[in-house]
Amino acid sequence: MKVVAEVQVIPLGVGVSVRKQVMRAHRLLEESGLKCELHAYGTNVEGDFDTLCAALKKVHETLHAEGVPRLSTAIKIGTRTDKEPTLHGKLHPDG
Amino acid sequence: MKVVAEVQVIPLGVGVSVRKQVMRAHRLLEESGLKCELHAYGTNVEGDFDTLCAALKKVHETLHAEGVPRLSTAIKIGTRTDKEPTLHGKLHPDG
Amino acid sequence: MKVVAEVQVIPLGVGVSVRKQVMRAHRLLEESGLKCELHAYGTNVEGDFDTLCAALKKVHETLHAEGVPRLSTAIKIGTRTDKEPTLHGKLHPDG
Amino acid sequence: MKVVAEVQVIPLGVGVSVRKQVMRAHRLLEESGLKCELHAYGTNVEGDFDTLCAALKKVHETLHAEGVPRLSTAIKIGTRTDKEPTLHGKLHPDG
């Protein structure tokens, strides 16, 4: 199942600045093979649903293993049957 | 990996009223074996991360098969290492 | 403008447990005069858009004044023109 | 109150393709005077909280007046007291 998605990882219990953990999560998403676009409020991704789930699991397991005690992740997942969902297509009419 | 989560399914292309599809999604989540709590803005769930992923896939695949052309699902996933994450614990200090 | 909405307040920089600040935010929403329904992932509200904005501002200003250094709040706002939006109506067909 | 925020507008009841309404919402946010960054999953904004609220109200009122019967808008709002919140600062350590 092909999806577009947005992933925002919020680490709790690591202090006020969370950029280090957020960038770690972004790199793990990139390493998963998903197409990734970083922006100020998260990472937009495009790819297979199962790959996304595996990547999300890896993000949570890795950050916990590296000392983050709590994570709240917000994900938006889009699928459609009329055409293939793509990040490009969400912004460009002829994408 | 034990998680608490919130799932909000938004069907597009089915008209202004979406309650039928939203309740269908809720029942599919219940049938997955996750602990489920319905509220006006979605379904709160508690259970295994892999079970949640399988349930989300089933929701998208089933609703598409039943005629919904587009779905936008918002999910919030919480994990923590200091204690077991539970829906009850999010509201009750001694939960 | 009448709205239904969901408000989830995430305090950062206060440690792993955030229940105290989350419940403080919930009570501030209740005191604003909005109809409120607490659940494990936030507070669902119903009322006037301007009242919601004033309440959200009060939540952020109050929690910061009480020592929370950073807040990330997720809000979902629903409006419709075909009938009055209500929390009850989101779950009950004859609501 | 200075904020950074993300705004995602989802129109319901206008069919499967929603790009026209989403881009209309983005332009209304830009016209409000907020600093805006468009991405595939919404518009990131930076500015005053009251300006954001006025812009959100204008988006809902305008799209409804132009024929959209239902809107579901997801917003994330960030504030902090340790330094000024900026979109640039969310991605760059020395921003």
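Letters A, B, C and D mark the chains in the order given here, with residues in each chain numbered from 1 onward.
By our rule, a residue touches a chain if its C-beta (ideal position, glycine included) is under 8 Å from a C-beta of that chain, and two chains touch if they have at least 3 such contacts.
Everything numeric here is computed off the predicted structure, so don't read it as measured data.
S.K.: Where the centre means the average of the CA atoms, what chain is farthest from subunit A?
M.R.: It is C.
S.K.: Return the chain pair with more inter-chain C-beta contacts, choosing between B-D and A-B.
M.R.: A-B
S.K.: Just how far, in Å, is the C-alpha centre of subunit D from the one of subunit A?
M.R.: Chain centroid spacing, subunit A to subunit D, equals 20 Å.
S.K.: Calculate how many whole Å lie between the centre of subunit A and the centre of subunit B, each centre taken as the average of the chain's C-alpha atoms.
M.R.: 18
S.K.: Centre to centre, by mean C-alpha position, how many angstrom separate subunit B and subunit D?
M.R.: That gives a centre separation of 25 Å.
S.K.: Give me the residues of subunit A that touch two or more other chains.
M.R.: 12-13, 16, 69-70, 72, 74, 76, 80, 82
S.K.: Hey, which residues of subunit C end up touching subunit A in the complex?
M.R.: Result: residues 10, 12-13, 15-16, 18, 69-70, 72, 74 of subunit C touch subunit A.
S.K.: Touching subunit D in the complex: which residues of subunit A?
M.R.: Listed in rising order, the residues of subunit A that touch subunit D are 4, 6, 8, 16, 19, 37-42, 44, 74, 76, 80, 82, 87-88, 90-91, 93.
S.K.: So in the complex, which bits of subunit B are touching subunit A?
M.R.: Touching subunit A from subunit B are residues 1, 12-13, 49-50, 53, 56-57, 60-61, 64, 69-82.
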